[in-house]
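Notes follow once the structure below has been shown.
Naming follows writing order (A, B, C and D), and every chain is counted from residue 1.
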Amino acid sequence: MIIEEEFTVEAALGHVWNCIRDAAFVAPCVPGCQDVEDIGDGAYRAAVKVGIGPIKTVFKLDIQVSEEAPPGFARIETRGQEGTNASRLTAKSDLTLSAAGAGATKVHYRSDVQVVGRLAKFGLGIMKKKAKALGAEFAENFRAAAEAGSPAAISGG
Amino acid sequence: MSDIESAIGKSPPRLEAAEKAAGQALFSGDMVLPGMLHGALLTSPYAHARILSYDASAALAHPGVKAVVTAEDITGGAIGPLVRDEYALARGKTRYIGEPVAAVAAESEAIARLAARLVEVEYEELPAVATIAEAMAEGAPLLHEDFADYFKIYPAPENGGNLMTRGEAVMGRGTDGFDEADIVVEGVYEVGAQYHAYMEPVSVLAAFAPDGRVTVWSSTQSIFRVQANLHEGLGIPMTKIRCVAARVGGGFGGKAEVSGELVAVMLARKAAAPVRLVLSRDEDMTSMRARHPGTLRVKTGAKADGTLVAREVELWFDAGAYADDSPAVLSVSLQYARGPYNIPHVHVLGHAVYTNKLRFGAFRGFGNPQASFAGESQIDELAEKLGIDPIELRIKNAIKAGDRWLGGQTITSSALGDALRAVRAASDWTRPRAAPAGCKRGLGVSAVAHTCAFLSAGAIVRLQGDGTVIVNTGAVDIGQGSDTALSQMCAAALGLDIEQVSFATPDTDSAPYNYGTVASRVTYTVGHAVHEAAMAVRAQLFDHAAAMLECAPERLELRPGGRVGVSGEPARNAEVSFADIAGRSLYAVGGPITGSGSFMTSDPLDPEHTKTSGLLDLGVLSVRSFGAQAVEVEVDEATGAVRVVEAWCAHDAGRAVNPGAIESQIHGAFTQGMGYALTEELLWEDCRLVNPSFMDYKFPGAMEAPERINAIVLETPEVSHPLGVKGVAEQPLVAAAPAINNAVSAATGLRLKRIPLTPERVLNALLAKG
Amino acid sequence: MDFYQPTSLDAALALLAADPEALPLAGGATLVAMMNADLVEPSALVSLRDVAELQTIEAAADGGFRIGAMISHAALADEARLGGGNEVVRQAAARIAHPQVRNIGTLGGAVAHGDPSSDLPAALVAADAAIEIAGPAARRVVAAENFFEDYLTTALKPGEMVSAITLPVQPEGAVGHYEKFARVHGGYATLSVAVVLAMAGGECSHVRVALGAAGATPVRVDAAEARLLGSVLDADAVRDAAAILAEASDPIDDVRGSAEYRLMLVPRLLGRALAAAEGGA
Amino acid sequence: MDISLRINGEECALSVPASRTLLEALRDDMALTGAKNACNQGVCGSCTVLVDGMPVNACLVLAVNVTGRDITTIEGLGEGGELSVVQQAFVDAGAIQCGFCMSGMIVSATAFLAHNPMPSRDEIRTALSGNLCRCSGYVRVFDAVALAAQRLSP
């Protein structure tokens, strides 16, 4: 399952890069993200609440930035599970930032997400739509946050 | 047929029908033993990964958990019917999402399932290949790095990467033969992966006795394949393995090889308690096996008068992560790629490729459905170009007794022409079909041949004290009615009524060897052994009767109902009953009367007739039976939906032992073939199966059943069998998809080349045609 | 997991209010299926089996109907009084799955589940039904059209449940029709079209159309109906209306059909549904 | 939870967790293994039993939710070891092959015939639309129901 999103942030490339690489900054933008922990050298742990209708669960994620070429590119590998391994998630995401004239930055991310286990049994079609919606919501939150100010200025999620 | 053999040709209800109607039939998932535990699987979340370590501590600590097994508990070698490329559980590497990696035995199924998720497995993910193209690409990751060292019983390609098997056969002048053709048709056909959808998911009950002897009740098509795999995969000597067939809730090839038996035995051994493992539907669909999806490029050449002269086929099968029966399926598919026609110049080439998906194995038709869908669809295209009626073209080229099959085996009897004429007449072939508004109707035809003799089988017939007999063959009745049919054959040989014959539950402790309920073989192959065993009993009966009636055995005759009499003297005192003879043999002279029979199929190929390479030894597969089908379909032009209105299925049973059971097999097999043609397809996104449930994988229900399936049982006695019988259980499936595809062509003019013919594909084709 | 079997609606609501993780158990066709698939593990179930108030079908004074949430699909499908325009709801109930599920599943359960590819949501929107919601604090009514918000997401707030559905009196001479296309009979729809149509003097005098399995919720567009109103349901009118509806649709890709295919079916099934309704008028 | 179910006319007291389906209760607690579990999603019908005479999927019904109700399973159709008319018709019509779907199929047919004494073939087909079978192609199943109807009619 591919989730792809592209949006423009009215802020300088360097600034946007700093924002996106700051876990504390990004976490509140991720819908359902309850907490995130920076374990150092590009590794993070996060808990993300996910739900479709009556189905509610929390994915415990291990995130690792595997490749990085600041300020334009980062590759992120994610592994996670929910409900004591009832479902497992693996994702490989590429994040590319590029200057988009007049101090704006184009953010493009593409992640290949695989979910296996009970949630996967549920139906791929709905999961894709839900994932797309989460992607769009993240983009909107991040764009607003990045334009509002620097990472330190962000209030709680 | 003298009245002595009256037990044949009748359709008594199945021996076990009442038990099943009452809900009393015991399937292995219904069985309970004292102290029994429940098993559950932990399966791989990765399509391709090295297994670095296991940590079962959390699982073992969970209350109610009695044992956890992983590959570290394997005490035997690799398994696999044709190449030993697999283990009881994933070992060292996992090669498809859903592959069993560990298993837990606990006091309840719920606890076992929860605890299975607590077994921590450390993986190192590897790149995976989801398709044939990816698997064969330069530098593609290898599933089986040390494939070359595996034990194999077929000639495998060297350093072919993910290429598991490559088979080729050339007959006559091969592709040069196309120079004799006035018209050539060529096309690429695609076939989807079909799931067996047996109603009973895989289930096993295993229990060790204190002396270390294990008894396994499982839903299987072969108690001897289970025994062999337990021996090879766990190193248990066969003296310590007893396999018993419970009632089986359908197999269709999916239970020809082992499914969960090895895991259940490992759990029972480690937990020192009986363990019952029953897969859920989505586990069965995700972890077990299905029919090979693939692509076939087919080319056929014919003279203007319709004489077929040349056929070329190149076939690629996706074989999944483990070979299972793939090399054999490929060999059989190639052998049928010529079709049931006298085409002199043939070149067929086939490949089966490893991919990181569940294994593809045996499924009713065994490679023939794929080859026939392509071949029989193309024959119709050729008929259209030649301006010859599709049935005429088939009759003109139909293979006859005395002709030789691809490979050189001689056809002993062929009813192909009769079958085609039968369906032509029955379907009123030339009458145009009126369709409701917005729909189009059409009639399509296909021809089919399939074998029914395969490998070996034994049989023991024993006279019992009251003069009745008991047949023991080890052949498992998976619902096709073999218990009843074999009992009828035994009754016929001894002039008994079927009520005077009982059938022993298949049990490796007592049964003679039998390869399995596969390849439509039971009626012919096991029937051979049963007849021989019964005749051995007959001879002993006559010896006793000769002494009791003081006359030469030659002057004796069997009399209906279990009597031996002096021929020509019908009087009462000139005969003795089987019971009298039994009494004499048990308590006076000679000892117990037991007859045994043993049969081996052997019809070696002729390398002079057909040059082959990379194929399995097909000499153990022979005696073809023939059939044809006409199908009327209705296509909804607004949605592309295809509905089968009626089908006429003529199949040659040689001599119908139980006509009713044969008709039921034709109904069921045709309907399974209809599902293959119209709705059934397992779908993957990369290497993940996306529709492992009956909610998302649809096969025909009562509403999809055609208005009528006219089963026409032809009887062209098979000269190579004492009772003239042949097996027909796979043919009606094989013929269905091409007949339906040709009917859709007749209705719409479309020439579709990919099944299933989903409404979406049909509508898009209709719109593209304009 | 706790289990309660209250005998009054108020008692049921109190139990639900006491435990936010508790769920009402109507028939169980969807809820138990999800529990079997380990997708839902409620802390408590409040069975509505013995709540008599939810088990009635009453003809309302204005000629409409009030149908209790616990009415099974089978009972709804056999309800002969649901004729005319409201026939669309009866037909939809009759096309759900198969006899066993229709005997278990309930109207309230299906509506609260809010699956856009199930049969009742689109039919209720076409019939302009209203959903009666009972909550710990108050009772409220939401038009079916506004009740379905997203995949498996409805206007229900925590502690609320569906208590009844009211079907309005349909225009004079209106006929309802539910056209469902699925790969096999009884399966979830690839696409469905629910229609309530009235004709006067050969022209369309009233029409409501809702699509099932065409988006996160049933798809209905005023402009599409406007295009049909006053027309003789000629091919152009139907084609234009279908184009408007397709434009507003956002179907998913799944094993039952691709998004493109579902959109292709919109004009075809709309034409068929209108013709069937007109035939019945 | 302690509940009581009237199964095949016999009052049975059971203590089951709330999440236990009627199918699990019948098979595991009552050793009535006629009803089968082929999908556990209410699609295949192999678990069909009657609750107050109505065919339902026992896998979608919680045991606690049918306390006090009349449950009829395949084991309860016959009388004193004899097959019921419908069961016998399935045997005589040669409708039974592997038999795994047959408990559900026969229970559905029994309930249907109780309300539709002389059904058409299409009505039989619709009544069994919730009972999947992979062996028979349904031909002999429809024949069996028609035969039972004929034998039941006065």
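Everything that follows uses one rule, which is that a residue touches a chain if its C-beta (ideal position, glycine included) is under 8 Å from a C-beta of that chain, and two chains touch if they have at least 3 such contacts.
Not measured: the values here are computed from a predicted model.
More C-beta pairs in contact connect the chains of C-D than those of the other pair, out of A-B and C-D.
Centre-to-centre separation between chain A and chain B, using Cα means, comes to 49 Å. Separating the centre of chain C from that of chain D, both taken as means of CA atoms, is a distance of 29 Å. Each chain gets a centre from the mean of its Cα atoms; for chain B and chain C, those two points are 45 Å apart. Look at where the CA atoms of chain A average out and do the same for chain C: the two points lie 36 Å apart. For chain D, the set of residues touching two or more other chains reads 40-41, 43, 126, 129-131.
Across the assembly, chain C contributes residues 37, 98, 185-186, 254 that each touch 2 or more other chains. Chain contacts: chain B has residues 690, 693, 695-696, 700-701, 703 touching two or more partner chains. Shown are all chain pairs that touch, namely A-B, A-C, B-C, B-D, C-D.
Considering their complex, residues 45-46, 97, 114, 117-118, 125, 282, 685-686, 688, 690, 692-693, 696 of chain B touch chain A. By the touch criterion stated above, chain D contacts chain C in their complex at residues 1, 17-19, 21, 40-43, 45, 48, 51, 54-57, 59-62, 64-65, 67, 108, 112, 126-127, 129-131.
Chain B contributes residues 11, 13-14, 16-18, 20-27, 29-30, 32, 196-201, 247-250, 252, 278, 280-281, 478-481, 660-661, 664, 666-672, 693-695, 699-703, 705, 708-709 to its touches with chain D in the complex.
Of all residues in chain A, those touching chain C in their complex are 52-55, 83, 86, 118-119, 121-126, 128-130. Interface residues of chain C facing chain A in the complex, by the touch rule stated above, are 23, 31, 34, 37-40, 42, 113-114, 151-153, 216, 250, 252-254.
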